[in-house]
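Below, chain A partners chain B and then partners chain C, in two separate complexes.
Here is the complex of A and B:
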């Protein structure tokens, strides 16, 4: 299967390990992620005011790129891109008068006609590849590994945009089980990590991350998985600050879900120390899940 | 929180501008407090999310000086839980926009350090906190 892929800016820079592992793990399942040509910023955060059509230009222009390539679907790995692109796609489907205005403004582009569906990689795994096929591809079952899924906000909310039940999601747990590992549930798995406050208020983010990580660890988690470069940064890199606030805090590795897949598929080269503050390799080597 | 607003706005203008920008009926709130109960930032706020709605309903313009409206990161927990269907994240955005559109930015990019941050953190911060 070939599918149009929107990497987004973070996966091309600080979260290159997310992009690399996503391509490798999906490739192993027979899914080729074909990068969209001439993509631009997704818009990053959805504007929430009623008079904000200008803020929809960036996401809609990406939908035009997919349309040009003859694609009806566009898949993302980043939860933030997913949310913003999907909200714009749903909005212009529901409001043709707004789309007409956007098309008139974007007069250097062909009109967007609607109909491009924005998907997250997890949905593709659940609904098309199937978790059974994922389980079949596993060459190194992650037996006994206790992994806490972390959803954050934008995979789940608001209702109608999220890809699972906003209050009780299970898609990441299903993936963890398919890889042979044991999911560790936490009531904070859908709670905000602090998001962009990491720019100017890192102590606020450190307090959020401290709670989320400590709750998962107290339930026996040995690692946490995420689907967002910003959540991962806040939960992983902010551990340096958490240690300053709480000397007894024990580091907890944070991986992208695609890195966990790559590990179980035996694609060790896709799991590099770059992109991690807490290097996950020593602990995985100790558990004999990674060769030294 | 100062008693006086930075912005010269009457009680009625505040209410009308919030409802117009957010598209939400703030007066549908019956103060159950579910938004506050689930808000991950409530412990850091000066006004709880429920109090923000109360201030708007009472026309108290000093709500615009609250730390709360900037702490809200639009995680949509309150939005999915409000029994009256108020998208509270949009109400918070409307309050931020009232200030941002009058030049009251909340982030000074020049003051940031050298730390390498995820690209989406910088763009999201700039979009939410700078007019």
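Here is the complex of A and C:
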């Protein structure tokens, strides 16, 4: 299967390991992610002003790029891009008058006609590839590995955009099971990581991340998986500050779900120390899940 | 049909030559001969350029012009030394763009993913409206290079912005107050300093020069008188085997 792929800015820069592992893992499942030839920033963080049409230009322009390429579907790995693009796609379909205004503004582009479906990789795995097929592709079952799925906000909210039950999601748990590992449930798995406050209020975010990580660890998690470069930054890189605030805090590796897939598929080269603050490799080597 | 169109076109041209074209400079109407560039037309009308003109050849970017044509809703952009006047142009010069350049020491920077964003954080405010691209007289995909800058792709910024003449028109139109051409210049500097493949033949030639390979020749030339020099110049070889 070939599918149009929107990587987003983060996956081209600080989260290149997310992009690499996503392409490798999906490739192993026979899904080729075909990057759009031209694309721009998804638009990120939805604006809190009521008059925010200007903010929809970026996502709609990307939908036009997909339409231009003759694609009806656009898949993303980043939860933030997924949320922004899907929200815009649904919004302009529900509000033709807004779309008309946007199209009139984007007068150098062909009109966006609607109809491009925005998908997250996890949906593609669940609904089309199927977790059974994922399980079949596993060459190194992650037996006994206790992994805490972390959803954050962007995969789950708002209703209509979220890809699973916002109160009790299970899609990441199913994936973890398919890879042979053991999911560790936590009541904080759908709580916000602190998002952009990480720029201006590092400590607030560090304290939040501390709670989320400690809760997972106290339930036996040895690693945590995420689908968002910003969540990962807050949960992983902020561990430096967490250690300063709490000397007894034990580091917890944070991986992208695609890295966990790559690991179980035997695609070790897709798992690099770059992009991680807590290098997950020593721990995986110790558990004999990664060759030394 | 085509003939008639050609005839009409010719009639229009000769009429314009006779009467001149109507242009409006800062709101005041002038009639100027057709076929002049905006810059020459303004000089014809009596304006004198003591700023806002440089190369007069479309390279220096000093002569940014904003205009609107009668009956059109869109602003248009050009460099005054290149664009010919058209009937019904409302013109204004934009000789300088107040878009400050951040100061940096190239030797202390590294071509990392976030270096552009760090020095020009307003990059993150881009809403992908593409207004910058529409303003560029060089037809550069300005938004695309800003987007590449946002994702830290220095090489792509350098490539896409290569023809930028730093007129600043993009930066005067951007709702996000981005300083496009300074970002692009920084990217090209980083690219040249750290990323572009090194020219080996250049290093070789520099080494040859330093080793004194051309010293004797140079000494000979410096000792020559004017007459001898111009003789030598005239007899120079322009193409292989062809003298002047």
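Everything below uses one rule, namely that the second predicted complex is superposed on the first by the 289 of 292 C-alpha atoms of A that agree within 3 Å, B and C clash if a C-alpha of one lies under 4 Å from a C-alpha of the other, contacts with A are read in each partner's own complex, and residues count from 1 in each chain.
Simple rule for what comes next: a residue touches a chain if its C-beta (ideal position, glycine included) is under 8 Å from a C-beta of that chain, and two chains touch if they have at least 3 such contacts.
Just so it is clear, the model here is predicted, and its values are computed rather than measured.
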First, second, both or neither for A:13, with chain B first and chain C second: both
Chain B versus chain C as contact partner of A:133, first or second or both or neither: neither
Touched partner set for A:61, first chain B, second chain C, both or neither: second
First (chain B), second (chain C), both or neither touched by A:94: neither
Chain touching more of chain A, residue-wise (chain B, chain C): B
Which superposed partner A:167 touches (first chain B, second chain C, both, neither): first
Partner chain in contact with A:200 - chain B first, chain C second, else both or neither: first
Partner chain(s) touched by A:192 [first = chain B, second = chain C, both, neither]: first
Partner chain(s) touched by A:41 [first = chain B, second = chain C, both, neither]: both
Intersection of the chain A residues that touch chain B with those that touch chain C: 9, 13-14, 41, 55
List of chain A residues in touch with chain B within their complex: 8-10, 13-15, 41, 44-51, 55, 78, 80-81, 153, 157-159, 166-167, 190-192, 194-200, 204, 207-208, 229-230, 233
List of chain A residues in touch with chain C within their complex: 9, 12-14, 38-41, 43, 54-55, 57-58, 61, 105-106, 108
Chain A-facing residues of chain C, complex: 113-114, 126-130, 133-134, 143-144, 147, 150-153, 175
Residue ranges of chain B in contact with chain A within the complex: 20-23, 40-41, 44, 71, 73-77, 79-80, 87, 89-90, 93-94, 97, 107, 111-112, 116-125, 127-129
